[in-house]
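What follows is a set of notes on a single structure, which appears directly below.
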Amino acid sequence: MREPPDASQAPRFTGPRTFGRLPYTTDLVDVDAAIYGMPWDGSTSFRSGARFGPEAVRSASSLLRPYNPVAQVQVFGAVSTIDYGDAPTVPGYVEETLTRIEAFVDPLVERGVVGVGVGGDHSVALAELRALAKRHGPLGVVQLDSHTDLWDLYFDKPLSHGTVFRRAVEEGIIDPGRVLQAGMRGPLYGASDVDVPRELGVEMVPWIELAELSPAEFGELARGRVGAGPAFLSFDVDFVDPAFCPGTGTPEVGGPTSFQALGYLRALTGIEFVGYDVVEVAPPYDSAQITALLAANVVFEMLSLVAQAAR
Amino acid sequence: MREPPDASQAPRFTGPRTFGRLPYTTDLVDVDAAIYGMPWDGSTSFRSGARFGPEAVRSASSLLRPYNPVAQVQVFGAVSTIDYGDAPTVPGYVEETLTRIEAFVDPLVERGVVGVGVGGDHSVALAELRALAKRHGPLGVVQLDSHTDLWDLYFDKPLSHGTVFRRAVEEGIIDPGRVLQAGMRGPLYGASDVDVPRELGVEMVPWIELAELSPAEFGELARGRVGAGPAFLSFDVDFVDPAFCPGTGTPEVGGPTSFQALGYLRALTGIEFVGYDVVEVAPPYDSAQITALLAANVVFEMLSLVAQAAR
Amino acid sequence: MREPPDASQAPRFTGPRTFGRLPYTTDLVDVDAAIYGMPWDGSTSFRSGARFGPEAVRSASSLLRPYNPVAQVQVFGAVSTIDYGDAPTVPGYVEETLTRIEAFVDPLVERGVVGVGVGGDHSVALAELRALAKRHGPLGVVQLDSHTDLWDLYFDKPLSHGTVFRRAVEEGIIDPGRVLQAGMRGPLYGASDVDVPRELGVEMVPWIELAELSPAEFGELARGRVGAGPAFLSFDVDFVDPAFCPGTGTPEVGGPTSFQALGYLRALTGIEFVGYDVVEVAPPYDSAQITALLAANVVFEMLSLVAQAAR
Amino acid sequence: MREPPDASQAPRFTGPRTFGRLPYTTDLVDVDAAIYGMPWDGSTSFRSGARFGPEAVRSASSLLRPYNPVAQVQVFGAVSTIDYGDAPTVPGYVEETLTRIEAFVDPLVERGVVGVGVGGDHSVALAELRALAKRHGPLGVVQLDSHTDLWDLYFDKPLSHGTVFRRAVEEGIIDPGRVLQAGMRGPLYGASDVDVPRELGVEMVPWIELAELSPAEFGELARGRVGAGPAFLSFDVDFVDPAFCPGTGTPEVGGPTSFQALGYLRALTGIEFVGYDVVEVAPPYDSAQITALLAANVVFEMLSLVAQAAR
Amino acid sequence: MREPPDASQAPRFTGPRTFGRLPYTTDLVDVDAAIYGMPWDGSTSFRSGARFGPEAVRSASSLLRPYNPVAQVQVFGAVSTIDYGDAPTVPGYVEETLTRIEAFVDPLVERGVVGVGVGGDHSVALAELRALAKRHGPLGVVQLDSHTDLWDLYFDKPLSHGTVFRRAVEEGIIDPGRVLQAGMRGPLYGASDVDVPRELGVEMVPWIELAELSPAEFGELARGRVGAGPAFLSFDVDFVDPAFCPGTGTPEVGGPTSFQALGYLRALTGIEFVGYDVVEVAPPYDSAQITALLAANVVFEMLSLVAQAAR
Amino acid sequence: MREPPDASQAPRFTGPRTFGRLPYTTDLVDVDAAIYGMPWDGSTSFRSGARFGPEAVRSASSLLRPYNPVAQVQVFGAVSTIDYGDAPTVPGYVEETLTRIEAFVDPLVERGVVGVGVGGDHSVALAELRALAKRHGPLGVVQLDSHTDLWDLYFDKPLSHGTVFRRAVEEGIIDPGRVLQAGMRGPLYGASDVDVPRELGVEMVPWIELAELSPAEFGELARGRVGAGPAFLSFDVDFVDPAFCPGTGTPEVGGPTSFQALGYLRALTGIEFVGYDVVEVAPPYDSAQITALLAANVVFEMLSLVAQAAR
């Protein structure tokens, strides 16, 4: 069992920062879940800095403890978890970077270890989905985000944090009929943008509508949309209002509180998630680590879903 | 048609920062709306810094796109809009400063261009109202704010960000019977302060009561109060809780979220607003531009009201 | 009558910062209430910095005015209040520090002056409770906090900000049957942690349940639990979501807004509070003073309870 | 003897912040020197914020101890010193503000108490010089600054932090033949600006030349220029390079280190200074209090000059 | 004559931020010099953020005035100068980005307008040198920097801010025999790194040696090395110690002060510079704009060299 | 050979932060040197936060490379070095903390591994010296610091960051005749403080005198004072001016630049140092990691001394 050291022996602020104070190793024997970083911010369309997202989330995650009293589930000590380190990235070269991230994630997928990626701008999800689809086929997706990331080209180029899910649809690695996006808000380029998700076969719930749903209703909606079969859960921290997540690259005001965000997340039981990520944590814009701390708790809730699924 | 450049050709972080990446010009031909700054913080009673409000809002407004999916209205591309620059101000001399701001705003009023001012401490509203009243007569007002700004004298002097609407009533440039103030909270100097709005003929809804109203109910209330005729919409960012708007001079805790604030704002359709402002953005106290970004979105919602009125 | 100077004569940003601009004195003649600081952060289990909490709250409290329009009660000018200064503390020596804080608070208790302490990490509450229990016997407690602070030992040592209320129960200075803790959230060390409050005889309402209660319902719950007799009200700023209170040592995401927090606080009328504190304000992590400003307003609401009780 | 409390009894971070932890009083009996604040930033031509300069310098001055080992002189305990509080100021009204500052300083001058003012933007010096000249006649001046502050009008108005010493020359309250300005640097409006000091009869040493002088040489130069008779020492923190003093309104890069600045200051023995000030401390732009801490030490060096003169 | 507006009419903090408050235009008629931005940070090997360098330098450059009293030369008003805007860049695609920057700079080179580029990470210099070499042939270079930027490959890829001058040598667009690099410091990958410049035919002066040279001696060295013929001056802000330039991506401690840096720069008269840049300004890490302000002054010194050459 | 991974394979910002990207292990086989943290700030007399010093120095140390071109010595790859993790500490209990740190350091001393400790406030040095003296007997000391840390009691208690070297003298674990302290500055409690070092038999060179010495002269002085035999080198980052090291608890203005500090450090060859530390790094007050980066380079210079001694 891979788990954090006993926090009653030394304060949680001691020792090199690994995620949740977990062992840092690439040995996958007897491992159920692995946290890994994707330090890349080359594809963001506004503020950079997310290459330090994994470091910041590791730092804040020192505050986590092993048991989830809301989900009533033991996480650390029940789900054998490691810090798998960071994918190598290549500043300035997005295609090469995605190739290396995919290769980095491959062993986890092959061994059936549930990966939880920490970004990094959202473009990294393409690499994760490619790795997962090689084993699982086209995936269902639940995406909590303020943007659909379904734009086509940015500056005539295909890879961007704003185009990642369109690329994934085109590559056939996600199944649009099993995709649910929720939380979208903020101005768009034009009225036709509203129709893009539907045109691609994706279901999109804007924040103005999601705000009317209870967590339980959202959980139902997600289970109904994703159905049976392997799926991916992607949490972009800009889903949450910038008061709670200032440390991100393309914030959109008027969003959910962190309490609401955790509620929606906790409702996502009963879906066969084979991979997770938390992206767009940009520490240079964070305040008192609050974004990183929320991201660390999102990872913890994802691990709680793993633990609940294993019960 | 004055509008921003195509954001698919160059990233939104390129180029000198004008509001919304709009053309910076004082040429008013074929212009429907103009954003302008009022960089003045000499009249604030606590934290200064709002003289850099216009710069900060311009910077954050790079993130805006042209279409409003909640109001379902095209803004940029439909409402011909410019960045009209900043009013000249005179540090240390409030009276002279208000005179210069008024003269700066006059051409907009004369040409019937809808102005959206960005402050600057709230004292600048007096200059704007003077300019507008010369053409429109006494104005109705909707003011979203945590303070009434109806105090009489500060340190025996008449001009302050805390006295601006009392001065406007006295000068006959606003019609108290058509004024609605909402969002007030925080300790007062004494019990008699509570009665001041009523004594002046102004309607005031404290935040503790507004919090019980839906946006639609608030919209009804405002339309009923302001009635027909020209009106002014003034949004002081300290209306919003300081978690969402830390960058302001006299914050009051326990206020609305930015989601609530946008909701109230969007409900203000059907009123004949001839001028708007967003004030009290104090960047030295902002965190990750979140205050400036909210202010930029408030401007965008105001322009959306302009667009809706034109439909 | 001890009260602040007239704010219409000189701006609130003038003069050395005492709490609420009140007189700084240790003369207790004709004094109803006293604010004092406990600058100690030696017992925090994560981020330090709370030793500057009293300074920061004093600074932010300049913005307070004398009248509470929600409670409809005059505070300054009605409750004779002073700034009593700071307890001496001894960096590195928690036991000695608690001894000195207790001796510092003793004169207030002896004279029947209601004290409102400003921390400092939560361990300081033990000193306050010891001082109060000498006169009042075992106290009831209302604790708004994200943690129970009922752990037993940290690193084999008894005194910590995480163990303070267990120690108080053991010392017999609080009556567990009259203790209500509310707001708890975040991961725990294990499932057994959930049962600790009940085992000690304390009532604990986690945030996920409190969020379902209106302020009035919470007030009822508290009055029922605490009953008649002297009680203590302890407000740990980490009760509030870190978006509203980033400046604290062990933040927990997904908590109440400041509007909710003030609501719960205002509902606590009708309880015989003989002492109050606001703790865990850690200014190095604050943003634009928002944590300190909320803490200052919490003190103001506590003084409002004093004023209401005196009516 | 007015002096700070014994720092071996309670940490220096305890208690309301007065300058140097000195008694806060307006009682001038048996007082040799008085520190006072001038919280005004209405006349600054760029970044505001200096209204919080006195608060920040008080906070940082907690770190001061009583003895100066370089000057080998006892300060606190030898020079009876108080914190005299802050002058009232009137936001938005520079003329009224200067009148009130002058009236606030008058009692010190009348009683022969040496005042050390803490600003506030440099315009406040005019008020101090007016008060001093009423008793002492035209004063000599040593000004360490990166700007001459000898411009004529700003935006057609006479009072600004950039015009203060020209106004003082015109009012006859300083004697240009006994004025030495040093440290000037940065671009000018035109070649003719270089000649302004000489035209007004003032001696100006630009930083590029001062940098070649040892402290002792500078001391000689100053004594030679100022000669016998009462003089004023004005230290604008923008004299120092912004790496050492980021917290100021109009920084100029490429300036002295704080070590050099202290050296020049310590060399100014043997001049009959009857007043001192340290201005342009703008805390919103400070980093880790380093500007405020330097300013506090500048005050301490000024008090050391008082102590040395009294020996 | 293109020049800034008269700063005596409106404060320098008014108006959209163009460089030095100059006209923003791409019209090159009657233009001597043009400032332009290159908002790209995709190739940095450590901290990103330099994509906002142009915005930050524009903001800080408001403080510049037209005359240089050290060089005794009129700049604005003598050298007709514009803000040429920002090159388009393509996040994630370094090769495409360099192509677009080169095309953006081409018109300046073709018209003989002296360009001063503001970065952006140092990789952008390759685009500038390509544009310049098309007209001027292989260029001489003076590079003030803490790194040689002569490494070969990073992660098997050729384009990086650490490889830019090696690429330029290989492409034949700079003449290694006319290149002088100065200021290098910090640990290296191995002893062989020390020999790289010499192996490539470039002269490199480490900071430990440069620190022994006066500005005049350095000027002699540079003139001797570069000789006659067109040259490029590249100033990486990490040349300066991070106390003076914290806002950069790969800081190296123990470097020059800003006073020293300006001295070396001012000594570079008599060289035929046909292009300039200031790079690696990363605003998210800046403190109180001090890095941006130094960079703005470096641009001003470069324009002063242009003015001196034109005399 | 324990060394960092090849930085040409993955960017230095990838992976959990260990010191210098070294292996994190407690296995001491084939290890020459070990970096370890002492996260304790309970004994600081002013600003806390140094408990996060080890984390911050690890983070900044990612920028280090293996070769020292000034000392012309290979460090990583020549000196087998590990990250040994952090000593357990006990918040609030200084005596217990020192006991645990000593026990943590013991194995290094026993195995003859050279330890480089990263603090933490300076009180931790007592634990290190106790561990070293058990094997080596009374040690010589070179201390670069702005304070002597020779005070007797703080608040009647013996252990403080200000008393640590007096305690070490009293315990006989350092030999005052072989102690050299340098860099002292700032006000003192009284004239008698100046004599304390001499009375204890320690040599102290104040900064005002050290500033006159070249690095070579300082090296001579140190070698002469310490002589033969084992010694300890302690570097308190407040030795350096706060412009270069803002992130510390008790800064003293007017100190050395980082260039000067590195010069003095590099001169300390030829002394038999058996242990090193760098202390008082307080990240909450740091700016853009500049303090942590300097501290990381100080560690690197210490390892360079180890490498040079091994040659």
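Quick notes
Each chain carries a letter (A, B, C, D, E and F) given by its place in the written order, and its residues are counted from 1.
One rule holds for everything that comes next: contacts are C-beta pairs under 8 Å (C-beta built on N, C-alpha and C of every residue); 3 or more make two chains touch, one makes a residue touch a chain.
What you are looking at is a predicted structure, and each value in this text was computed from that prediction instead of being measured.
Across the two candidate interfaces, D-F and B-D, the one carrying more C-beta contacts is D-F.
Looking across A-C, E-F or C-D, the interface that copies B-E in more than half of its residue contact pairs is found at C-D. Centroids built from CA atoms put chain E at 39 Å from chain A. Taking each chain's centre as the mean of its C-alpha atoms, chain C lies 54 Å from chain E. With each centre defined as the average position of its C-alpha atoms, the distance from chain B to chain C rounds to 37 Å. Among the residues of chain E, those in touch with two or more other chains are 9-11, 13, 45, 47, 51-52, 88, 90-91, 154-155, 241, 243, 257, 285, 287.
Contacts from chain F toward chain A in the complex involve residues 9-11, 13-19, 24, 37, 39, 51-52, 55, 58-59, 83, 85-91.
Chain A meets chain C in the complex at residues 7-13, 62-70, 72, 74-75, 77, 241, 243-244, 257-259, 261-262, 287-290, 293-294, 297, 300. Residues of chain B touching chain C in their complex: 45-47, 153-155, 185-191, 193-194, 206, 208, 211, 241-243, 246-247, 250-251, 253-257, 285-287. Chain C makes touch with chain F in their complex at residues 41-45, 47-49, 51-52, 88, 90-94, 96, 123, 154-157, 159-160, 284-285.
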